[in-house]
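Down below are the structures I want you to see.
In what comes next, chain A is part of two complexes: it sits with chain B in the first one and with chain C in the second one.
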Partner chain A sequence: MKSLRLIASRLVWAIFTILFVMTLNFVIFRVLPGDPARGGLRDPRLTREAIEAIRVRFGLEKPVINCVQSLNPWEPGPCAVNPFDTQFFIYLRNLAQGELGISYHTNRPVAEMMSQMIWNTILLIGLGQILAIILGMGLGILAAWKARTRLDFGALLFSLLAWSLPTFWLGIILLFWGSNQLGLPIGGRLTPGVDFPNTAAMLKDLGRHLVLPTLTYTIVFLGEYMLIMRSTLIDVLSEDFILTAKAKGLHTFQILKDHALRNAMLPMVTLIAINLGFTVAGAIQIESVFSWPGLGGAVFDAVGQRDYPMLQGAFLLLAVTVILANLAADLVYSWLDPRVRTD
Partner chain B sequence: MTTPTTSAPLLAVRDLSIDFITPDRPPAHAVSRVSFTLQPGEAMGLVGESGCGKTTLSLALLRLLPPQGRIVNGSVQFNGRELLALAEPEMADIRWRHMAMIFQGAMNALNPVVTVGSQIGEAIHRHYPFMSPPEVAARVAELLDMVGILGARADQYPHQYSGGMRQRAMIAMALACSPEIVIADEPTTALDVMIQAQILDLLDNLRRHLGLAVIFVTHDLGVVAELCDKVLVMYGGVTAEYADVDTIYNSPRHPYTQELLKAFPDLSKPQAALNSIPGYPPRPDALPTGCRFHPRCPLVFDRCRTDQPALLSVSPVWSSQQSSGYAGTANSKRSGEVRPTHLASCHLVENDK
Partner chain C sequence: MTDQPLLLSGAAFWKSFRRNRIALAGLIMLALALFAAVFAPVIAPYDPAASVEITIDSIYARPSAAHLLGTDDAGKDVLSNFIYGSRVSLTVGIFASFISIVIGGTLGIVAGYLGGRTERVIMRFTDIMLVIPDLPLTVVIVAITKPRLLNIILVIGLIGWTTTARLVRAQTLSIKERKFVLRARSIGAGHFHILRRHIFPLVLPLLVVNSVLIISLAILNESTLSFLGLSDPTVVSWGQMLNYAFERGAMSSRAWWVLVTPGFGIVWLVLGFTLLGHGLEQVLNPRTEWHHLTDHPLMVSLPAFPETHP
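Moving on to the complex of A and B:
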């Protein structure tokens, strides 16, 4: 009952946060200067009519929002604009219908473009995160258990190094090494121009393309997971209840599993949530280096092309993933720690 | 409880010395050559100020010292078995099954994310793996009932318990496997006075009913007077004085014991001012030369500064019981038939002889 109420209150907060982010996301891209029509003004070949047509196509000729004097949509202000014919209302209506606008650059719906790329990103990031979490936690547990030994020192050094390596630099180095020494593809998702005889062959090709970016991603995140896991576990292992567990005659493995890890998982859950939330952003460097057709690369390109609708869509997705990941972390927390459950 | 023919003590600690080893520093002697014995059903008080090595000594009995702590000398025999020679898995079998511990500060000694019932149950399961889950649950309920906690609260977490309840749950946990010895390390610190009395009554009752031998680690001499048969007074990691409880209270021979007793209120003399011992106990890595108590001793003389006093028998008459085995039984306090050796490490004792 109590936990049900907790879930409900967290859910309501998440919804409010998303609504706020939607508004903010709209405002940012109206405040920023520049739209395709203005870009077109610099081109002498475009006629006034053509520019006006561009503005109409993207809905830029409409007022941004109803008059400030009247925020009540049913009571038109002195400027007497139809409240349902403003950019903000259309933006909200489109969102409700799962539309994110039309890309300035490709003239295709942003939602359609993103839905193609997001699976590539999820594939790459998901695989990298899972590997980084498993390996990082495992290494962290091992190092904490063998704290202050040579093994701990080695694992610590490796993790610190891995964590401080710039992502793009490690990507380039691995790309160079992998393509030269192992003959792995240098980028992309599938070898272009190949007609795959069956799914197995296609998956094999996909796997070969995945190796290097996944490896880069795993190494970069593994260090962070290892360091956090190690330090929290060392803290937990010095707690009095661990001594109690030892005094009870419990075996090492049982102490670790039943007493230490459950407590040490709390900071890990937060970290995983944050990292999952930044999935889109985190992939920008790796996707650019390996020409991986995912969201991160698309965001990178969109910045250069001033493709506001594309960026707006990506930002919204980023914000919503962060909020949902935090919601999930909250819920996992209350499951792990009874003290959170009861106020 | 114990028959007069008891030969071997339940627990015999001889010359136990513990060092703390830190890199780049000489080892700190936390405990030096401490000896005592414990008979079945007997209660011993382990007394001294904070930092005298009481907790270190009790952890060493279970071989639970932190990694820096090393047992450098001595022996710990439980029922004639040398615990210091056991392999780690064998020692783990002894822990809790035969020798359990009540830790100070039950808030931290209980895992916050595991229910109290399963923390007790896992100890039972560890030492009686063939008990079925319902049997374990029944035993947990029985134990909680024994310490006055409703069985239904087994499913609750430590933070849902009050301080006194947590300490009682800790006691129930210690009794889970019916051990022969329970070490209670300051079981009442951080509890208010009423609850302290409750907990101590509970411990004393359980001890009498279950025939437990208990080591009370405390700095509260009142607790010791009420509950214990004999007392080991520690100072700076060594035995200052070791005798039955009457002797300690009525004719203490070590100046430290005497000062310690003066520091506690005597209800028979209402107006007496309480004494405090100036200074602090020595740090184990900076022990004074000679007698470890000499910098604070009111009766100090030259020899104390240079020579470390040996642990001497105060009364040669009483020390003759070595032939008839060790005599500090649970009955000693009440019957007065036999008394344990009265030992004190002070040059004044030697001068008397």
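Moving on to the complex of A and C:
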């Protein structure tokens, strides 16, 4: 019963956050100075009729919300409008129908373009995260076990350095090295213009394209996972029950495996959840450098091409994904740690 | 008073700071960077703003005696751009993090001290902002409001306060319940007096450590924005150098000097701040002093490095 209520409250909270992001998105693109929809209307070559036609076409003649006129948010408008006939409500209704506008650049629906990209992003992020988590945890355990030795100090310095590396720069350096020295492809997902005889050949080509971006991803995130694993494990190892286990004569390996690691896992789950935001930031940078056709690369291209509908759509999808993943992590956390449920 | 000493005196702080090799290394790195930024016109061999006459040979020219780190796609001296670039990173890092720290610190102290509904509202809002991914939000706002230095500082500063607010709130909550605060309140001290004389001085060390880390995040964010093409076109920055190099064929010209140099600057600054922050935390962090003290010295988790421990 208690856990059901917990799930319900988390769910309501996630929905509220998503609504907040949608509103923020609306405010950024419609109300802030430099609004792209109005920018186009300032073209001096347009006649008065043409401007009016564009305004009607995009619904710009309608009030933003009740009592706020469309062009200037500080200029009060009529309050007796049908609330369903305002720009904000129409925006929400379009979103609910999966309508994200048409890309200025390709003239195709943004939603359709993104549905292809998201799988590429998930593939890259998933691979990089799994590798970073496994390696980071392993190194973290080693550093905590050998705490205050040369190995520990080296591991700490490495993770501080990895944290300080700008992701995109590491990508550039690895790309420069990998394409010149190892003959790896300079970007993209598959070699263009090649007719693959079978799936194995295609997967091999995909794999060669994945090596460098995945390596960048792993190095960037490895350090932080290592650092957290190390400090949590040291905390756990200095608790009383570890001394008890040691007094019972248990082997070091057994204490690490059965007593310490189990308790150190919880902060790791939290960190993975908190990191999701950074994961997205990493995806934007890595996909930009390696021309990977995912959502992050789309952000880079949209900025360069001033493709605002695409930018808006990508931002919304990235934010909602992070919120949902946070929700999932929250639920996993309360499932792993019974103390949260009874709290 | 049975309370443990909560603040290190200046002399005691400097004594343990000097022993901390990590913090000292960070400080030296930052001092060098600051020197380069302040005296850029004196150190730099060329002026990045001056126009240069270019021939086919001066584009992506290899490092030589005239250009120690070669030239870029516009025939400009990479070393000079590199030295001047430190100014943007430091400016954005310091001012943006100042905004974040003021907002996060104020919200955190107010939420922790007042509690009740105020706290719930503030922390709920913080939670929402914490979940929204920072970089995409920054990119979207800067892209819409045009990338000028002031805009970049404001946007990074206004978005990056969430972790500070949470940390400061937690710290305020634990200080609020300590004896000297309860005592001050029972003899009739006002809220403002308690906040100023009792809470703020104890939150300050945490804020200092946190601000150092926030600066390094702001520098990384600024360089990423610039790399994505959102840089102020009127000033040279490291991210912008990388963006131009990457977009304008440095990769295929194999001009490693343009690709390596600016990134080295970013890493130098961010690592400097990270090391300083990490070292400061070891020196000042009141949490390690509060928790496992007294009874069993053997049960205390020792600090990571022998040199910080007598």
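The criterion applied here is as follows: the second predicted complex is superposed on the first by the 284 of 343 C-alpha atoms of A that agree within 3 Å, B and C clash if a C-alpha of one lies under 4 Å from a C-alpha of the other, contacts with A are read in each partner's own complex, and residues count from 1 in each chain.
Here is the rule we use: a contact is a pair of C-beta atoms (placed from the backbone, for glycine too) under 8 Å apart; a residue touches a chain by one contact, two chains touch by 3 or more.
From a predicted model like this one, the values you see are computed outputs, not experimental measurements.
Novice: Given the alignment on chain A, is it a clash or a fit between chain B and chain C?
Specialist: fit
Novice: With both complexes overlaid on chain A, does A:G183 touch chain B (first), chain C (second), both or neither?
Specialist: Neither partner.
Novice: Output check: A:L336 vs chain B and chain C. Expected answer is one of first, second, both, neither. What do you get?
Specialist: first
Novice: Figure out whether A:D240 sits in contact with chain B (first) or chain C (second), or with both, or with neither.
Specialist: A:D240 sits against chain B and chain C alike.
Novice: May I ask you to decide whether A:N263 touches chain B, chain C, both, or neither, giving the answer as first, second, both or neither?
Specialist: first
Novice: On chain A, which partner touches more residues: chain B or chain C?
Specialist: C
Novice: If you stack the two complexes on chain A, which partner ends up touching A:P197: first (chain B), second (chain C), both, or neither?
Specialist: Neither partner.
Novice: Answer with first, second, both or neither: which of chain B and chain C does A:K248 touch in the superposed model?
Specialist: First partner only, chain B.
Novice: Mind working out whether A:F315 is in touch with chain B, chain C, both or neither, as first, second, both or neither?
Specialist: In the superposed model, A:F315 contacts chain C only, not chain B.
Novice: How many Å separate the nearest C-alpha atoms of chain B and chain C in the overlaid structures?
Specialist: 5 Å.
Novice: Do chain B and chain C land on any of the same chain A residues, and which?
Specialist: Dual-contact residues (chain A): 239-240, 243.
Novice: Spell out the part of chain A that touches chain B in their complex, as residue ranges.
Specialist: 239-241, 243-251, 254, 258-259, 262-263, 336-339, 342
Novice: If you look only at chain C, which of its residues touch chain A in the complex?
Specialist: Residue positions touching the partner: 127-128, 131-137, 139-141, 143-146, 216, 220, 223-224, 227-230, 239, 242, 246, 251, 254, 256, 259-260, 262-263, 266-267, 270-271, 274-275, 278, 292, 299-302, 304-306.
Novice: Which residues, counting only chain A, touch chain C once they are in their complex?
Specialist: 16-17, 20-21, 24-25, 28-29, 32-36, 147-148, 152-153, 156, 160-161, 163-170, 172-173, 175-176, 179-180, 186, 234-235, 237-240, 243, 276-278, 280-281, 284-285, 288-289, 299-300, 303-304, 306, 308, 311-312, 314-315, 318-319, 322-323, 326
Novice: Which residues of chain B touch chain A in the complex?
Specialist: So the residues of chain B in touch with chain A come to 62, 64, 92-97, 100-101, 103, 105, 108-114, 119, 122-123, 126-127, 157, 159-160, 173.
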